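Before I ask anything, here is the structure I am working with.
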Amino acid sequence: LRSGFGEVVFCQGKAIEHLIHIYQRFYEHDTNVLGTRATKEQYEEVKKALPVVEYDALSHILSIQKKEINKTGCIAVCTGGTADIPVAEEAAQTAEFFGSKVLRIYDVGVAGIHRLLSKLDEIHSANCVIAVAGMEGALGSVLAGLVDKPVIAVPTSVGYGASFGGVSALLTMLNSCAEGLAVVNIDNGFGAGYMATQINRLAVRAE
Amino acid sequence: LRSGFGEVVFCQGKAIEHLIHIYQRFYEHDTNVLGTRATKEQYEEVKKALPVVEYDALSHILSIQKKEINKTGCIAVCTGGTADIPVAEEAAQTAEFFGSKVLRIYDVGVAGIHRLLSKLDEIHSANCVIAVAGMEGALGSVLAGLVDKPVIAVPTSVGYGASFGGVSALLTMLNSCAEGLAVVNIDNGFGAGYMATQINRLAVRAE
Amino acid sequence: LRSGFGEVVFCQGKAIEHLIHIYQRFYEHDTNVLGTRATKEQYEEVKKALPVVEYDALSHILSIQKKEINKTGCIAVCTGGTADIPVAEEAAQTAEFFGSKVLRIYDVGVAGIHRLLSKLDEIHSANCVIAVAGMEGALGSVLAGLVDKPVIAVPTSVGYGASFGGVSALLTMLNSCAEGLAVVNIDNGFGAGYMATQINRLAVRAE
Amino acid sequence: LRSGFGEVVFCQGKAIEHLIHIYQRFYEHDTNVLGTRATKEQYEEVKKALPVVEYDALSHILSIQKKEINKTGCIAVCTGGTADIPVAEEAAQTAEFFGSKVLRIYDVGVAGIHRLLSKLDEIHSANCVIAVAGMEGALGSVLAGLVDKPVIAVPTSVGYGASFGGVSALLTMLNSCAEGLAVVNIDNGFGAGYMATQINRLAVRAE
Amino acid sequence: LRSGFGEVVFCQGKAIEHLIHIYQRFYEHDTNVLGTRATKEQYEEVKKALPVVEYDALSHILSIQKKEINKTGCIAVCTGGTADIPVAEEAAQTAEFFGSKVLRIYDVGVAGIHRLLSKLDEIHSANCVIAVAGMEGALGSVLAGLVDKPVIAVPTSVGYGASFGGVSALLTMLNSCAEGLAVVNIDNGFGAGYMATQINRLAVRAE
Amino acid sequence: LRSGFGEVVFCQGKAIEHLIHIYQRFYEHDTNVLGTRATKEQYEEVKKALPVVEYDALSHILSIQKKEINKTGCIAVCTGGTADIPVAEEAAQTAEFFGSKVLRIYDVGVAGIHRLLSKLDEIHSANCVIAVAGMEGALGSVLAGLVDKPVIAVPTSVGYGASFGGVSALLTMLNSCAEGLAVVNIDNGFGAGYMATQINRLAVRAE
Amino acid sequence: LRSGFGEVVFCQGKAIEHLIHIYQRFYEHDTNVLGTRATKEQYEEVKKALPVVEYDALSHILSIQKKEINKTGCIAVCTGGTADIPVAEEAAQTAEFFGSKVLRIYDVGVAGIHRLLSKLDEIHSANCVIAVAGMEGALGSVLAGLVDKPVIAVPTSVGYGASFGGVSALLTMLNSCAEGLAVVNIDNGFGAGYMATQINRLAVRAE
Amino acid sequence: LRSGFGEVVFCQGKAIEHLIHIYQRFYEHDTNVLGTRATKEQYEEVKKALPVVEYDALSHILSIQKKEINKTGCIAVCTGGTADIPVAEEAAQTAEFFGSKVLRIYDVGVAGIHRLLSKLDEIHSANCVIAVAGMEGALGSVLAGLVDKPVIAVPTSVGYGASFGGVSALLTMLNSCAEGLAVVNIDNGFGAGYMATQINRLAVRAE
């Protein structure tokens, strides 16, 4: 999948010099780069050496897009609340980086189920759905019950008390009674966006 | 609350002779008795000494109803699946024992949200709602988002794998984003039925 | 319930611009607003744009009260220690915001049971009791054993070592042997205050 | 997806009479039925009433296949050890029930990585890979690192001691460093087989 | 302490022949023996070889008392419910075996605090108090708040759901806000009885 | 016990004004005060209002000793390592505050068992032993096996990785095979010092 | 290592026919076989087909020793209690199967440290030490502190209450302050015996 | 082992004056010192008093090497990713301090198995292998399956979400299906380096 699309860097915990070295090498090879979990400080230092890098403060993605990206198909990225948007953006921008069109449907959590129901027609048009939710994490189940496409659920660490840093949402998603749902790590928008793209591309070949 | 309604016995782990002694004493005082978590074997032994006892194999309630119970108000008891019904019945029969009318709405889990939505009008008529669900346990949240009355959520031990004997459903319920939801112990239908009755009676005084 | 009473905002983790936007919109519609888990910094920034907002540093509530609130009925809010007061205030002020009278009974933990016993008459006058406690969290049980009204227990993250950020108090409350007790998330004063108000209003209609 | 393919029943914990009733109704409507987590005893009782049911003792699937199933595409189902085969068969037979061709590649765990490497060409031919493993659960990661298609990982409860009934394998899979991996509940072969079929069908439309 | 009092055997999991051998050797040396956690089957087999052994089915203690035991001082053993009595008896009989007088005060849990308060005078007469409780486990805290002597708290595995086999009671006891409380392992009546005796004997020397 | 000895304040999380108020009131009543878990900042602020307070930076105890304390008996306080000394000092200074003589035996952990063995004679002279240890926490067991007096074990949060903030040491101590050991909360030196004093005083009455 | 020594079979959960097939194939190739975690029932069935198999009821090892095994070097296998012996025997017999001499030193737990100290000279003669212990699991630490050779610690599931099936002993061992200690899975005598043999053979080459 | 090699100091949490005192005393006795888990601040303060100390910012080792160290044998230290290098360096530098030659093979995680396979010949030359990995932690298993020497696995706290600070990697390693693997605490490079040296020295005596 990645060939022709670019390289991925896991920025968390990487030293500045190390990061600069990696980004420079990819830049010289005309390769697009998607760096996840980058801090603002990492961005500022890398930018000094390589002014072409771009940073999205919401998704914490540090990227170089030298070659144009052609987007096809459709992935729906939904969130339960507004606090889940950073993780959703990591998923959405990863999917876009690898060539998927993305439909963003945010703040449609199950405590107000009618907002979600009103968006169903749009969601049905996607080849794959990503459900991003923290706290009780029920969005994945409800979505998988309503749509016929694979749903990738991303638990987030949003919450407090007995949300245990995302464990509550993770367990909810793993125990879903609905069909067609699989789960990635807490806050792992990247993983969901990547797998959704794999699925979207399998589907797109058919159109 | 209990005065005039009867006594409660927690049968789990009680020795047969001890149980017979308790039930006989209450029987002689013309007191209704509600025993929870009784086994079939406990029932059969107590029945030998006191043929008037009745056993509900679904809810595991072992009871004597000597005095007629007058039922008022309304409590809605909902379940996610059919496997949650034993716990729901413990809640419903406890509520009835203490004088509440009960509306049973079973198997309306969030994986098929439309079944739940079609029952909303009925549910709105209750003074208090009990939501019984295992596995992902999202029913409580969805209900509390839809109704304006207090919702008491009962996680059940139904499930396997990462449901961890009800912990997954418990955490889902504790972390609900919806307003007006409180939680009792895993499989504690009795606790939910009792508290719902307290609320129902506060409301009924008003009618 | 909320209609006519105002709107609720979960401030934790919300960006300043986002918060200002929300508060301004409600202010323009003459709606009261109750924002929970707001930081002092959020308050100071919102205040610059909207000097009418008020901040309670104890409860971390950021509110606008444009329309007068009429308070009825009675909810008793009790705490085990003085460190539980911030969570208790979140509960109490939420209940007041939605129109309940509140009786505050603080620092009556079970290690000195006589202080609690001396307040029982007052507590009996409430339609609903909120028990806020950290560490061993036994206050909920003792209260539910003493009063006949629904008790909503709020575990707090007060403690150290094996209190595990409130888990110890949470488990104590979920496993209570007393009747008429339900539990909300750790430190969730808001949830308790909201549900207590639902119950209080059901009772008040009767008077 | 399911329309035209048949219905699914979660047999675990269902009463015999209830099961017989469900299977009979589907049988009368000429619907294929896939029942998961059925016990041998459930099978024997249902068979008395409905001799057409078939039971697979390995996967614990209780099924009626009245209408012929047309199989297309390809899903690879791999296991770490032989003890994981029951869960793998639940996945494989679910996928077949819903119309997927299945390639079984068992006992290729990472402790003897060369057996797995020798099967890679075969695995590359699938549209989706299911990785079933207990104990350390590393098979999912290794597979996702080697293939470019979506990998659905199923942790199993195989193991002892600190495998904690599948938790060890579950965490390994959630924390995979490889791209293109999502996880279902412990021992949930059904969920993996179902989602793999959704993906396979999206891909098949393209051929 | 033990010299002159007898020997202790941990029977759980020991083979019959091994047990018989141990008991016989002590018997021949005229030593009293206290065996804990013995099953009925172990008792019956040992009795065949050594008819002098006695078994208490409540405490699961298998003992030989060849030499008379002189009892002094006073230890109070209290329980929350009746289901905690087996563990309490293990504590009480251990204390008696090592020469302490024991005051049994059972079923005085905090859900009905007045029963406990009515026994306070008696409890004050003890040199050391043992508090045995399962489920919410609050008895230890309340007792330590009321009495001035060391309290040894024994959590029991009595309960269901989120009692997690005694973990809930254990955490309650460890997090007690009251002074003068220490905790032993879940269901470890023996450990509490032994340490209480050490304390009792230190006190008795003073009288 | 406390009457005539002074009052205890749990400083953690208390507001400065609140603390000053408490200390001033006790000071005016000529009462000694022992405040635990006080920060340096709390000390500096209280000192401004009440220059008589003293702060021990090791034990984090903030105290006023207006009346002379008469010390009797003997308690041995042992630690596994030097990092456990702050908790040990909280225990030792609490015991001294309430009138016990204290023998400090630090850095005698089980990885070098001979240092511990060489101190045994001294330890035997105490009426009660406090064992303070983090990481593997085995000191309590070894001590209880060597001495005949009650041992109070204090797990500390010293360690990293799988020490889980003291849980490892806590479990070691709860599961000790040695007789005469009870446990207090992680880092709860105060609780151990208090209970040891209760025991020491019972013994001292005898001398 | 294994070449020339024989093959290993993990019997737990394997079907009888499958086991017979495996053992027969190895028998025909004149290969020694070591099967771990075999049940008595597995043994009896395999014996019918292959009377040459031997079963050790203590270690649950099902083996064929067709070729003589030459034993060299020395491994010391120590246990804390007698209940740990089955796991110790799995370790010892595994080591012997692969050609190590084994020194068995059982029941030398830290609650009676002098028994262990009296065996030190013997233990020093080994190239590698295996420490098998449940409950508090401190034996590994104490041994690693006393000897200069690698110590492999095996936590066992012996215990009750907060031993959590071996987790307590596992954590103790992982957090050891002593140098030269590594840990295998709970009850994994096989793993310890195998690795000890690898070490022993490295050492033996030198003699 | 240590005699003639030097002393070890666990710097974490030690006070500056205490550290200076320790280092100075060893320096005066011409002893090499290896201090682990030292902070940069500790280094700077100790350096003021003792300019000879050296600090490695990657491994956090603070050392004095007064006597030359003679290195023999071979230990291979492998990591899954680059973020695991600090822990690997703690292991490698510990092994070198005690006289082992070290082969560093970093960033060979199982998500790209071919990089690891290409290094196998080199790894086979070592007497002992250390496998350092976070997140899913599968490197240990794969290595132990490929090499015939003892493998010591070090889980690291690298990761996020359900890696739970290294617990995921720890469990993976404990549950390995491969032979010849033992585990040390999360991030405990020191422990692995020390035990690997013990093994290496046993082997070296043979050459």
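Chains here go by letter, A, B, C, D, E, F, G and H, matching the order in which they are written, and residues are numbered from 1 within each.
Going forward, a residue touches a chain if its C-beta (ideal position, glycine included) is under 8 Å from a C-beta of that chain, and two chains touch if they have at least 3 such contacts.
On a predicted model such as this, the values are computed, not experimentally measured, just so you know.
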Chain G reached from chain D - shortest hop count over touching chains: 1
Contacts common to chain B and chain E (chain labels): C
Pair sharing more residue contacts (C-beta pairs) when G-H is set against C-E: C-E
Chain A and chain C: spacing of chain centres that average the CA atoms, whole Å: 36
Centre-of-Cα separation between chain B and chain A, whole angstrom: 41
Whole-Å separation of chain centres (CA-atom averages), chain E against chain H: 47
Sequence positions of chain F contacting 2 or more other chains: 81, 161-163, 167, 170, 174-175, 179, 185-186
Pairwise chain contacts under the document criterion: A-B, A-C, A-D, A-H, B-C, B-D, B-E, C-E, C-F, D-G, D-H, E-F, E-G, F-G, F-H, G-H
Complex interface listing, chain H residues touching chain A: 81-83, 158, 160-163
Chain B-facing residues of chain C, complex: 1-2, 8, 127, 148-150, 152, 170, 174-175, 179-186, 191-192, 194-195, 198-199, 202-207
Residues of chain E defined as touching chain G within the complex: 12-14, 18, 37, 155, 157, 165-167, 170, 185-188
Chain G residues touching chain F - in the complex, by the definition given at the top: 80-81, 109-113, 117, 135-138, 141-142, 144-146, 159, 161-164, 167-169, 171-179
